[in-house]
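Two complexes, one shared chain (subunit A), two partners (subunit B, subunit C).
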Partner chain A sequence: MRLHVLEVTDFGPYRGTQSFSFAPEPGVELLWGENGRGKTSLLNALRWVLFGVVLGRGSSRIDLSTVGNRDNEDSGTVRPFKAVLTFSHAGHFYKLTRAYRDESGSPGGNDFRTRPILVKDGNVLGPDERERELATMLPEQIARFFLFDAELLQEYEQLLAPGTDAGEKLKASIERLLGLPVLTQARDDVAAHLNSARTAQAKAAQKDQATRALGNDLQIAADTAASTRINVDVLTEQVEGLQNDVNELEKTLTSNSRYKTLLGERNILCEEVRRRTRLTNDLADELAGAAGGTWRAVLSMVVTRELQLIEAQTDAAGQRLRDAVAARSRAAAVSSGVCPTCQQSVDSVAAQELGGHTDTEVDPDDVQADLAQLRGRRDVLRRLRDDGERIARLEDDLTQARVDLSDAEGQLRALQVELDGAPPGTAENIAALLDELGGKRISLDNTRQRLQKTREDLRRENQAVEKLSEKLARLGTASTGSEDRKVQMLVALHGLLVAAVTEFRDRLRDSVEAEASKVFRMLSAEQDYDRLRINDQYGLTILHANGAEVLNRSSGYEHVVALSLIAALQRCSPMSGPIITDSPFGRLDGTHKRHVLQALPQITDQVLLLVHDEELDRQGAIDELGAHLVGEHHLRKVSARHTAIESGAHL
Partner chain B sequence: MTAESSAPARGGRVNIAFTKDATDAARRLIERFTFTAASKQGEPDLDLVDAARIGTAFALREGLPLTRPDDFGPANGSNFGVGSVDPGGELRDLLQALHPDMDEDPYRIVETLMSVGVLAIDERLANSEIHSLRTLIFPEI
Partner chain C sequence: MTEPATPDPPGEPLLAASQVEDVFVATEEVRATDFPDVPAELLASVLAAERDNPEDRTAAQRAVGRVIDAYLAKSVPGQNGKDST
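Showing the complex of A and B:
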């Protein structure tokens, strides 16, 4: 497919009718535009004309009534818009028009509808033919490999995690792009024919006395399997429906994500305030209980000081008592001539020596009384139980708890002010959406489990049918002979197609891995990153030269890997088309930007990059692309809601 | 209230009272040291008896004179039974242990100290020398 001209009328910021002419020669074109000027809208104009959808953030569909160009953002008036794309494919020339217009027939009416028209080689195609042609050329499911932005690139990481819904959808898109459905549909068609053939085999067997019982068993087993197959289909549909519901609810919640986040934060903060209030009250109660002992804590310091004094006074009094007792003994020995301690006589020399001591008159009983008083005071003071440290610590903890509580309350108030700015009923709506989402997720899980179990039942029942059918064929009666042969042929054909699907899938994976690795080596600036390894989901991991997996790759490398995968899919796919990408360089450093620019012309022969000055250095891009740069365009601001598409770079 | 062996001595003071100024100071003190939600609704965690004990302890720690200053004025503010202020006689015993030479009725001294103590605390609260229980208990911090 090669694009020639895109013409837009009143689409987003493009007022009136404006056209974008693609360069006729193979190569890369650059469209320069500041943020908010309309690069994404141009990508959306292509999505719109090709697939009838306009995407916003998170790949959510934008309400078409808001797409038409308008003078005033707040205007509630729905405006018509249109896009026309001329392109060629497989030697034919096409003109595809898709308009969103009022079909009420009255001025100011409000019956807006989408009208597509496809002209092939000058002939208008009917609706069925139109849809078939479009689905063959560029099915919507594979649009992401041709029209993408940084956000879509980011989604490829999900291929690394098996079992995710997004990953499964991506895998299905990739296999569709690679042409696998041709084989899988053939396999499924043959399986359906095989089921019918076995039913016919059972009917034929019932006509013969010798095989009637076996025929009856086969019919019952086939009926059971058919019924289970219907259940599988119904459950599959239910799972898809529930998954869609979940996706839609998640999208709606995402569009309310700011308020949802605020509500979540408010709930957390409410709980935080409750917890801190409890803590504060508990500490206050404990402190109130302990504060009655404050007076003891206040007194504690002076009591400690006094105790030290009393200890010293007690020591001194003890010494005084010992001295007084000794003095009294000396006086008794001198006066009586007998030592009162050992009862020996004291001679005159010793008496003279003892009498030489000049003892002050201290009554030991007085000292004893002093000591008793000191010990009494000491005992009283020692009894003081001081809780000062605990009281002070509790007070510190309480103060901190009050500060924390006040902070949390302040944050809650600020959050509440923000929430007050939400439209009325926002909180209730979000709560209801969250409830509904929770319910749908539970139903989805339950239905998936039932589906898994039913599939297992079906596998067993199919085996039973198979065994009975084989048994009938082995009997080889004339009545079932032709049906047996038909069954045998279809069994062989089905087996062949099952093997073919597996073989084709393996080969596809191998070739995608090889091609992606080639492109990756061109793009990567890291010499040690050697190649890519593909998993069953088409997720790619980077391997070092020694075969070790690169863990926790950067978001820039996520894009490099995603670009490698897209390039590989383009090379391996029977479908080929242009690559049109919005802000693809945002996460890449200078070296990788250069590498991507060098690689792009080799991936496909029509590339349009929607970029802004900050993202890509123009001179660097011109140098890298050289002769592959086949055109430049820019978006010029006319007014806040009016952008003009102009040829050439904006200098 | 407990009646123990070291209960207040008989024959001494039966009631003791703050001065009027000290009563106001004591009220400010217990209001300042409120902690629970109940205390904010008019039910203080501490009561005037707690304030009386704290005032006495503070006066003792700060070494304020045991004798009444000339401007002490009449003790005709809030008054309490001695048994309420010092149910086990612990305060009296501590006073006597700290000041063994005092020759006055210990509860008359308590009556003096509780008023001068709460007034001193009130002054320090006013100039923020004391701004928490910690700074009341540990003055050097």
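Showing the complex of A and C:
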């Protein structure tokens, strides 16, 4: 396939009708455009005209009602748009038109439909022929190998993780590109005919008394297997449908990732506010309970001073009591001549000495009473002091809790302002999407399990059918002779095709690995990186010169490997075609950019690179491409929503 | 895409020639080595039927059925293929 002219009308930033003419000679063309000028839109215009889809981030499909140019229109107005691609292929000349237009027949109507028209060698093809022709020329499943950007290159990493849905789809696309479906479909169709032949064998056997019972058994077994086969097909379809739903939901959520993150943060903050509100309320309640004694806190310093005084008086009273008790004992000893403590007699000398120490008579009972009073006052003051400290502490805690609550509420308000900027219903939509995604994942898991079990059932049932069919054939009766021969022939043919699929797959992998390694060595700047090794899913790992796998390769090298795979597929496939790629150099350093430029002309004979000045040095590109550079174009800004496609580099 | 020396005839799948050629070569080698009892002509006809109907599974299966019945009718007189697929 060789592209000649792409004409776009009101597609994205391209206002009015504008043309992009591809160079007629083989080589590489450069389209220069700053970010936001419309490079991706030009790639999408090609996708649109060829496949009827416009892709956004994460390969999600963009709503066509938002694609039409809005340079002089209200942003809410749906605008028609159109793209026309002329190209040649296998000696034929094609003109493919795809238009998105209002078919209501009334001005300002809103019945927008997509209308494709394919003209082949001057003849308009009917709808069926058109779709068949387009599907065989360049099926959408393999479009990614011809029209791609850095994001699509990134997806090839999925091939390294066995069992992922994305990896399985990529593998299917690769095998489609490499021509394997001719063989796998032959295998499946022969299997279907084999099943039918066995049913016919059973019916023939039922007509003969000698083989009727066996024929009945075969018929029942074949019917059972046929029923299970239908179940497998239904479940497989359901799994694919659910997986698609999950993928779409994940993509939708990814495209809303900013609001999803904000919503997550909002939920956490809401919980934080609730927790801090509870804490504040609890503290306030506790403080209110102690509020009756709030005055104590006010008098805290006075109480402390008073308590120190009372404690000193208490200590002094204690001492006075001990002195009074001692004086009373001495007086009793002098008057009675017997010590009241040890009951020993007190002689006259000792009595005279004790009499010399007699103090002013103090009644210990009075002192005791004073002491009791002081201790009572001391205890009251101590309680006053403790209550005051607790209330003060509660007040501090409450103040801090209110500050924290206020902070959290402030953050929540700020977040809510951001969320208020989201389109109406975003929060509800995301919550609903998350619910739906959870439900779909559960359904997907359950359906996968049922599918696995049903497949096992089918395998057993097929074995039963095979045994009965073989048994019938061994009887060799005339009634089933022709059916037996057909079954026998189809069994052999089916076995051959099963083996051929395995053999062809192995060969494809070997070829892709060898070709990808060749390209990789051209692209790689690392001399120690020797080659690539392919896995069952066509995922490629880099091997070091010593044979060891290179782990944790850089994102730049991921792109180098992806480009090597695409180049290998172009070389190994009969479906080589133009490569049109958007910003492919973003992750590559200068050396790898030069290597890619050198390699591109060898990969395919029509390459269009959509690049910007920061990504690729023009003079360097001219030097590297040399005679292979066959055309330059640029995108000129007319207004924010109007870009003009012009020939030549913008200098 | 690689341009063939001559255009494909109208209605012919546009990418078929080299695609089927590769499949033929790989499959024929398997047949000759491990399944010599399967006629090469039958195998080639089945693959050609698939090649001619790449985007229509029903048509492809019918075409394969016709190939099988035709082969049986030719190789075994009286066998006209009663496949009801």
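In this section, the second predicted complex is superposed on the first by the 490 of 651 C-alpha atoms of A that agree within 3 Å, B and C clash if a C-alpha of one lies under 4 Å from a C-alpha of the other, contacts with A are read in each partner's own complex, and residues count from 1 in each chain.
Just so we're on the same page, a residue touches a chain if its C-beta (ideal position, glycine included) is under 8 Å from a C-beta of that chain, and two chains touch if they have at least 3 such contacts.
Please read all numbers here as calculations on a predicted model, not as lab measurements.
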First, second, both or neither for A:Gly388, with subunit B first and subunit C second: first
First (subunit B), second (subunit C), both or neither touched by A:Asp510: neither
Contacts of A:Lys486 with subunit B and subunit C, given as first, second, both or neither: second
Touching partner for A:Ala135 - first (subunit B), second (subunit C), both, neither: second
Subunit A residues touched by each partner, larger count belonging to subunit B or subunit C: C
Touched partner set for A:Gly179, first subunit B, second subunit C, both or neither: second
Touched partner set for A:Ala200, first subunit B, second subunit C, both or neither: second
Partner chain in contact with A:Val302 - subunit B first, subunit C second, else both or neither: first
Touching both subunit B and subunit C, residues of subunit A: none
Contacting residues of subunit A [partner subunit B, same complex]: 281, 283-285, 287-288, 291-292, 294-303, 306, 373, 376-378, 380-381, 383-384, 388, 391-392, 395-396, 398-399
Partner subunit C, residues of subunit A touching it in the complex: 1, 89-92, 131-133, 135-137, 139, 179-183, 185-186, 189-190, 192-193, 196-197, 199-200, 482-483, 485-486, 489-490, 492-493, 495-497, 499-500, 503-504, 507, 574-577
Contacting residues of subunit C [partner subunit A, same complex]: 1-4, 6-8, 13-15, 17-20, 22-23, 26-27, 29-31, 34-35, 37-38, 42-43, 46-47, 49-51, 54-57, 60-61, 64-65, 68, 71-72, 76, 78-79, 81-85
Residues of subunit B that touch subunit A when the two form their complex: 33, 35-37, 39, 45-46, 50, 53-54, 56-58, 60-61, 63, 90-91, 93-94, 96-98, 100, 132-134, 136-139
